Structure formats: structure tokens, C-alpha cells
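Each of the next two complexes has chain A plus one more chain, namely chain B in the first and chain C in the second.
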Partner chain A sequence: MKAVKAAAKAVKSPHAETVRKAVAAPMLEIPEPKLTWMNKSRQWGVRVKPGKKGLTLGSLNVGIYGEIPMDWPDQTRNPRGAIGRKGMPPVGYMLRSKSQVWADCAADLYEEAIQRRWAPATDVPWDTVKPLPDDLERAVCQVNTELSQYANVEIEVISAWQHQMVYGYHEVKQYLATAGFDAARHYEVFRKRALMNGGGLGLEGPGQVNRMILESRGGWTEAVVYLVLVRGLFAQTILRYLEHYASNEAESFIYRNVLQDKARLLTYGLDHLKFAIAHNEDQKQIIATLLAIGDGLFIRDFNDPVLREALAIVFGGSIEGARGAGMDVYHDMMRAYISTHLEYCQWLDVPRRIPEQLEQYAPQD
Partner chain B sequence: MTAFPSVEWFDDVRDIFNHEDSFRGGGGGQCNCVAGIKVGNEIFVLTFEGFECAGARKASLGDLDEVDFYLDMEILEWQAMIENIRQNGHAGLGYTLNTLDLDRAERLATSVHGDQYREDLFFRYNQTLQYFFDASSRIATEFAS
Partner chain C sequence: MSEAEKLGPDYELDLGWMDQTGPWDTRAEEGRNGLTLADIQVGEYGRVPDESDNQTGRPRGSAPRSGSYRIGNYAVRTKSEIWLDNASFLYEEALQRQWSSATDVPWHTIEPLPDDIEQAQCQMATFLTEVEFVAGDVPARWVSQTTPDFFEARQLLTAQVMDESRHMDVFRKRAMANGGGLMAATGATSGFVGSIDLSRDFTEMSARLHISGEGAVLTIFRMGELMAYNDAEKAMYRLCAQDEARHVAYGVMHMRYMAETAPERHEEINCYFDEAEAGILSGSANPAGQAPILSEPLAILLGGGIAKFDEGFKKLVALRRRQIQEYKKRVVSAGFGARFENGRSRINEILEQAAAA
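And then the complex of A and B:
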């Protein structure tokens, strides 16, 4: 209709002669479309229907699109199930075996992460944060400084390995994209807590475990051992205790929701390690060796007094409170960490001996 | 007034939880798990599917073998939590599920099977479970004396 009106207008306009000539001129030659690409499909007629959870990533794994082989030699960015072009240069992915990256839960975790997101700017009840005594505020800020550093390391580690993974296992790549985003949110929210109540960022953490995770070069599975079984579980335990001893609703909300995000990464890690163990007979022993090596660096961080003192002040409510109840709670927290760490190792059937310096926290039975 | 614990009480809470949009954001959202609730010797099973708590039923001790995890407290502890939620409109700092879990020598969230993967659903869906119990602030509850 618009075109008809425009044409009518053009006939009456001063340019009518130009338009008339253009219309009368021979048509430009357009080549006959070949449409040969239209027959290029490995499986036509797929109709995935949305279920109760919607049209999920995992539900698309039907027919040939659900074939996820143990090895993926294709080194291009060809999406799984598509037909590759001949002559595409390899990208040079390092992780091309399923056992190096896979976890059955990855597609579900991806959906879950997208669905259960939260926004620190608007979802946290920031108005519940009231002025705290200086010693407590400084301790809260110190803990949040170190937690934001943990998050930063997580972003770097995940992104450094994610781009090494082939597209044959896109569920894992996609889930890890959300895990990187979760870590960015954590970096943001801890920084916000440190800067919003008259305090500020504190001292950088000693970072031995950070370097251990960042410099783990053996493979993604090996990085997961440190990222999940060591740092992940330690951070989870700290978050649980911080939620318990939160000074206000905002902190309680922050720690509870970070805990929930972190639980997804732990689930991925646990599931992946189980898969890797099932497909590599040496894997259990490799994990045990890595954990034994990691103990030394964990103990170096553990011996640094800054985080310990700050946590004890948060748990005790003040410097005075830290001397008694606060330190007792800190020791409880360490016992909880070691106990959870051992439960995870036991579930994976990985032999584990707690080093002498941490034996005081090991379960007595 | 609805008596706790009872299927009617859980149904009343489900009705509020399933129709409250705010519980679907802010860290809440789709949740897929089967949770047991142990109140003293009484057992209930809650099924969460997508955005909803799809069902609540009375169950027996043996049914706990099948749930992903179960929350276990004595009646007076449940009462204290529910009354605190009623007073605050949501769980106060000392009564969140995570806090109650840490405060108990025997954990609040546990399982019969000991499957770490399934037990961890308590943490993965923690905010949704919290929202579910927070929804009980909108119903009048009576407790057996």
C-alpha cells in the first residue's frame, strides 16, 4: 500500500521523468539461485517440543544432534550436527576428548544459571546495611576484598580454559560461559559491599592458591581439582559461615545467593571429575597427587593471619569478640571445610590424607 | 488457621508460592528436586518442578530413600522457624535454612543415600527453598500444643 502511494506521488513529482526512464530500462541481470545448500543437512525433520521447563538446551539432543562422541577431531568452530566446510583452517583447540571436559549436568546447569540469575544492583536490599563499628566494618571489607579476588581468579581460569574446548561439547562451553558471568557478578557484589558502608577495599590476599589454580597447566580436569575441591569448597564454607553471621539482610542475601551460584560450579566440577575418573584409570591417583601438591600452597595461605583474623572478627562481632567466640567459630569453619572436602573425595573415591598442619581439623572418627 | 505439620499446611504455602512472581527472580527461579520434610517422626515429600512446588504428600520413613535430600528438625525447631518467618515476613538472620543447617550438630539438610550430587541440590536451590518457607508468613499457622 505504501509502495502504491509512493509511486502515485512520484508520477506527480518534478522527478517523474527520471522515474519513468528508470522503470522502462532493462532489468539488471540476477543469476538464477542454485540453492544447493538447501539439501545440506545431516538430519532433516527434527521437531523438538518445549517441555515443562521450556525448550531447553539438553532437550535438543535428539537424533544425530544428540550424538556426542568420546573424541572430537574437528578443530573448527563448526557447530555440532552441522556439515563442515572443506578447507577450513584449524583453530587449534587443545581439549578435544569428552573425558577432558564433559559433565552430564552441563546443559541443565546452563539453563539453571540463566534462569536463576540475580542483579546485585537491584536485588540486594542495600538499604538494610547500617553503619557498623569500625573494627567490624574493616573486617567485613577485608573478607569481601579477598572474596572478590577469588572471583577474579575464577573468571581468568574459566575463560583461559573455555576457549581451548572444541565445539563438539558445546554444553560445557556454554555452561562455563555462565560460570564466568557468575564469577563476574561475585566480583561485583563483594566490591560493592566493601565500598558502600564507609569502609573500602582492604589488603590483597597472599594468593598462593590463586597462583596454583591459574598456573595449573596439566589440563582442565587438573584445574578443576583446584578450582572445585580446594578453592571452591573453601569459599563455599566461608560463604555459609558469613551468611550465618551476617550483620544485615543485604549481606545475608549476598552470601546466600553467591553460595547458590557457587553450588552450580561445584556440581559441574564433581560431575566432571566423576566422568574423567570413569574414563581414565589413572585419574583418581592423579587427583590425589594434585591435592597433595596443593596442600603445601593451601597451608601457606592458611598461615597468613589476615583472612583468619578478619573472619574471626566478623564471627565474634568485634576484635574483643574475635578473641574468644570468633576464633572458636573460625575453627568450626575449618573443621566444616575439611569434613566437606573429605566427603567429596570419598564420593569420588579419591584416596586422601590430610596434611599434618591441618590434622587438628580432620574428623575424629 | 492451618495446623503444622499437615498436607493442608504445605498446600496453603504452595498456593502462595506458586502464584508469587517475585519468587521467580532475585536468585529464585526454576527448581527441580524432590525434598523430604521430617518433623519429628512425621514425614512429608515436596516435589518442585519448574517454577512450582507441584505437590505435597504425607509419606513414610522409607520414602526418604527416594528424595534428593530431606530437612530434619524437631517440631519445636520447625515452630521457632515458622514463627520467626511470620513475625518478619521472611526468615530473620538466625532462621535462614543455611543458618539452621550450620547450627545443628546433625545437619538440617541430609539424605539417606549419601549421594553428594543430590545432596548439593539443597545449596543449588537454596533461595527457592527459602522463598518457599518465607511464603508461610502469609498464612496463619497453629501448632499442636
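And then the complex of A and C:
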């Protein structure tokens, strides 16, 4: 105690005094335990056992811990099922209703994302990339530049919304953490491919659809419509074709693995839209309106020849090939995109008309 | 009629884009650790601007389009505000060291514990699951506001969000794995002025989050062996410590970059450290802090039960000392060690006096 008194004398500034109180006192005194926190639990005696896939997030939803209310007004980080502390100022979460964020599959997708993790640096067989003819390398680099930019939008949108979701729906926050991390990896892997084979980055993409996704500020559900049902599905279709026409094992590994990651986001997105539609009377019509407005922007992006020609060169193997078979494959890819998009809209029961400019890609029946 | 429709079987191509590229003939080469982010920082592609004018979200080094929409409006576009020199390395490490709380923790090694220990463990786990994701929410917000020109730093923050998600999850799992359950939340990370959440500047946030908050948690995770009662708990703390060390490294390396490149902000940053030092034990976000809802369960875990509370509390005090020593080391390493020499910080001398007493 003598030493502390001596220290107090030596202390001059008010700041040092604060530190002395905060640091020295707790070093010296052993308090009498109050134990007021003991025996406080809303449900005790829980014993969740690991299953075939280990101890998973979803398996924790037992008893009151599995009660997920439709509204979660608590804006602190009170974990679902714990006893909250009264009187805490809100953190400020914008999304506080289950219908704004929820998808039943989120917990499983979270665990799946972790199990299927991969690292572009070490898992891609980079040594299988051999010099390509100049036209093909330019096309591959252009496609990878635009895909990297797609991933950038995904990173920005997901991270902008995820932190606005309340703690009561932690499964969704956690799944989106994996989706943001996936997108970061995609951003990285496409850049790596463009910079490692005598090429470089190409021309930045046209910004209309990027802007449209980023501007869907009204709600996360609305962002999901553009991010998943329009751009996400389009990117997936591209990746599926790219995998088929890849020039080497590294590229096919990249496209395949990114596709697998994106499939999770699509699953979450569709599941969420279905949930939102089921719990909000107007949601279906909102989605239909968004899609109709989105068509205009999508068509402007799509009319830009850059990505189309680059893809046709990749599919055709050269500029010459692009003029014939390559462009045919491209149109085939567009038909695949539109028909899957329509299928999903139908599954969601969202009314959908394909605009005239894209009619050539609509299914015939 | 759209352009696409006009195209016949022998398609006309424009191909004007083929000459609009970033620097060409780039050959990044794989190193010992694969093709890393550092390996692709070649030529112009490795040049990070001090101020970013990228408003369209274009990949750094790609050819700009004059007609592109401005969509960025990024709040963070000054390099020194967010940069650290080894982001690429830490990011690649994060990718290599991902783990699964479902399968990498040997949950089957958990056996029933005496009630006071199980309660203490569950209270601690409730607190940790409550606060872990503050370090997910907040970096996510900054990720969305940072220009892609600083993507190396942004990648690392994205990895942190992922790590924290797993931390939030592993402690929830622990609370429900052994006949206990969640207990009482502390409200430690609510919306107070001065909280990590409400920081309005990245560097201030990083001082609060990476150096002060996560630094304190890292010391505890590193000493997890002392409060673990089975291999599952040991694994849990060890794996979290590994992640946490990266997050703290972000803060230290970022501050070091600030120390070297932004002398005009030194005084301000010292103010952040003043705040951190005043709150290091009194703030409720430190699990070894003074709040009884945290210090009591921790003392019970460290001592081995309520009956050995005093013994546990002495260990807790040792842990606090170590927290402060490690904090000091980090601030020195960040380039702000002068505060411990010039009388601004009293942490040094108070540590010595407390030890002597």
C-alpha cells in the first residue's frame, strides 16, 4: 500500500491519476465475490452433442435457444436466449425483423462454407497455366477483370448490410461473414489469374448493374434481388460455361470453386426471398417492380460488347472462333441464363415478363 | 432492335477493348507459399496511391472507362488511414489458418463439471459470444466504405469478419455443450460514446478495437490453458488466440504505418492511447476487467472453484499485469513508445509499484 501512496504523490497530471485508479487498485485488493450473476439462465441443462458433421450451429437451436421470433427489437448484442441487460443504449441496427434477413438454410450454409474453404495461393494448380495465344490471353484477362469487379460489388454490398442486422438472427450474420469472405477470395483469385500469364488487367466493366446493386439501399431483401437473382445468377452462368471452356486445370479449378461458393449465396438468396414473400404481403410485387426496372440497366450492360466478345473468344478459342462457334456458345449461355432466371421467378411466384430486347433468349414454349 | 439481334451467324466483332488494358506482359510468379497477394504486387499493379481517386470500383491497375458511373463515394480513400505494410502476408495466413468450430474442436472431450465451474464457464462463454462479433460488425462497416485501391487491407478486414463469426459461434457452442446454457449478457458493447461501434475514424476505431480491446482478449486466450478443463476448451482458446493475434497485428502494423507517415496525427493517436489506458481495466469489454460479472467467473475458472476464489483472483491479477505489459509492448512496437518515457503514460511505474506491493 505504501508504494501506491508514493505513486499517488508522484502522479501529477489528471490523466495519470485516472490510470492509477484504474490500474493499481485492481492489482492489490481481493474483493468479496458477490456472485449475483450465478443461477441466471433462461434455460439450463442443455447438452448438445456433436453429430456426423461435428457440433454445428444449427444443432444449437434447442429449447428456447431455437425460438426465433419474427421481430427482434433489442439493439444490443444480447445473444439469443441469454438474459439481456436492461438500460443499454442501442448499437443502431437497421434490420430488426426476421422477414428482412432470414433464410432457414443460413446455419447449414455457414458450416458448409467453412468445410469447403480453399486458398487461391496454394490450392489452384497455377503451374498448369501455360502461355496462350495473345487474343485468348487478352480475352481471359478481360473476363477475369470484370469478374473481379463483380466480386468487388459483392464485398461492398454484403459488408454494408451484414452489420446492420440484429443479433437475434445471428445465423444470417454468420453466414454472410462467410459470403463476404468468399467474395474477397473471388476478388483475389481473378486478379491473380489476370496477372500471372503475361497479360494484365483489362478494361473496367460498365457500371450500370454495379450501381444498381449498390443503390438498392431500401432494404437487404431488395439488394438480394439484384445481387443474387440478376447479377449472381448471371455470373454463375458465365462461370459454368467458363469451366467447360477453360484452357487449363488452374482455370477450371478457379471457375469450379467460385461457382461452388456462389451456389451457396444463390441458395441463401432464393430461400430468403421466399421467406420474405411469405411474410410480407407486398414483397412479391416489390420484387417484380425491381426486376422490371433492373431490366433496363441490365440490357445496357449487356449491350456493351466487351464482355460478350471476350467470352466468345474464350468459348471459340480465338478471334476467328469467336466469329462463329464462340458467339453461338455465348448466345446459348444467355438462353441458359434467362431460362434459369425465369424458373427461379416462377418458383418464387413473382410475375415476370422478359423485355423485348432479351426475347430472343426466352424459352420457346 | 438490340445490337445482339443484329449479329448474324458470321458475327461482327468490335474488339476495340483488346488494346485498352492495364500494363501488359505481367508475369507474377509463384513463390514458396504459392501465388500470394504479395506475389501479384508487381510493377504498376503493386503501386498503392496515397490518395485514391477511384470512384467506380475498378480493380487497381485496370484501364478506366471514361463513361463509367461514379458509385464509390468511399469514405476511406487516404492510404495512411487504413494501410499496413504486411496486409498481404496476414491475409494469406488467415486463409491458411481457417478452422471449423464444428469439427476442429474435440467436443467429445468435454465431461460434466462441478456446477460452479460450469456456471463460470457458461457466463464467460455468454460474454464472449456477446462481444466477439463487435469485431465483425465494425470491420464490415469499414470494408464497405474503403476504396478497392486499398484492397490488401480490405481483404484482411474481411478475413477478420469471418474469424469473429467463428468466435461468436464457438463460445455459443461451448455454452450449450455441457449441461449448461447461456447466462446473462453484460451489454458491454452497446452504443456508448467512445465505443468501438461508434468510432468515426478508422484509426481511432483500430486503436479501440485492435490494440486495446482485442489485445486484452488475446492475453486471455493465450492463457486459456489456465482456465480450460478439457481439450475442447484448450483447443477453443488456442485457435481463437491464433486468429486474435492477426487482428491485433493489424492494429499494431497500421499504427506503425501512421507513426511513420502521418506525423500530424501523432498527438491525436496518443489521445486514443490515453483513453485506452484509462479504460483498460475499468471498461466492461475486458473479460479480466473489474466488472464482477466477468472477474468473478474468471477467478473461479482460474482458481478451480468458488472455494478457491482468492487463489483464482491472484491469478487474475497476474493476468491483468500481463495484459498491461503486452499492451505496452504493442504500443512500443507501433512506434508510440515515447509515451512511456516522457511521462505521458504512467503504466510503467504503476506496474512496478503494484508488483512491489
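In this section, the second predicted complex is superposed on the first by the 336 of 365 C-alpha atoms of A that agree within 3 Å, B and C clash if a C-alpha of one lies under 4 Å from a C-alpha of the other, contacts with A are read in each partner's own complex, and residues count from 1 in each chain.
Going forward, a contact is a pair of C-beta atoms (placed from the backbone, for glycine too) under 8 Å apart; a residue touches a chain by one contact, two chains touch by 3 or more.
None of the values given here were measured: they were computed from a predicted structure.
Contact with neither chain B nor chain C is seen for A:97 once the two complexes are overlaid on the shared chain.
Shared-chain residue A:84: touches chain C; no touch with chain B.
Look at A:243: by the touch rule set out above, it reaches chain B but stays clear of chain C. Once the two complexes are laid over each other on the shared chain, residue contacts for A:115 go to chain B and to chain C alike. Legend: residue contacts after superposition of the two complexes on their common chain; A:216 is shown touching neither chain B nor chain C. Once chain A of one complex is fitted onto chain A of the other, the partner contacts of A:53 extend to both chain B and chain C.
Applying the stated contact rule after C-alpha superposition, one finds that A:43 touches chain C and leaves chain B untouched. By the touch criterion defined above, A:155 lies against chain C but remains apart from chain B after alignment on the C-alpha atoms of chain A.
Looking at the superposed arrangement, the partner reaching more residues of chain A, out of chain B and chain C, is C. When both complexes are overlaid on chain A, the residue A:283 reaches neither chain B nor chain C. Residues 53, 111, 115, 117 of chain A contact both chain B in one complex and chain C in the other. Listed in rising order, the residues of chain B touching chain A in the complex are 25-30, 32, 49-50, 93, 96, 98-99, 101-103, 114-117, 120, 123-128, 130. Per the touch definition, chain A reaches chain B in the complex via residues 52-53, 111-112, 115-118, 123, 236, 240-241, 243-244, 246, 248-249, 252-253, 256-257, 259-260, 262-264, 266-267, 270-271, 336, 343-344, 347.
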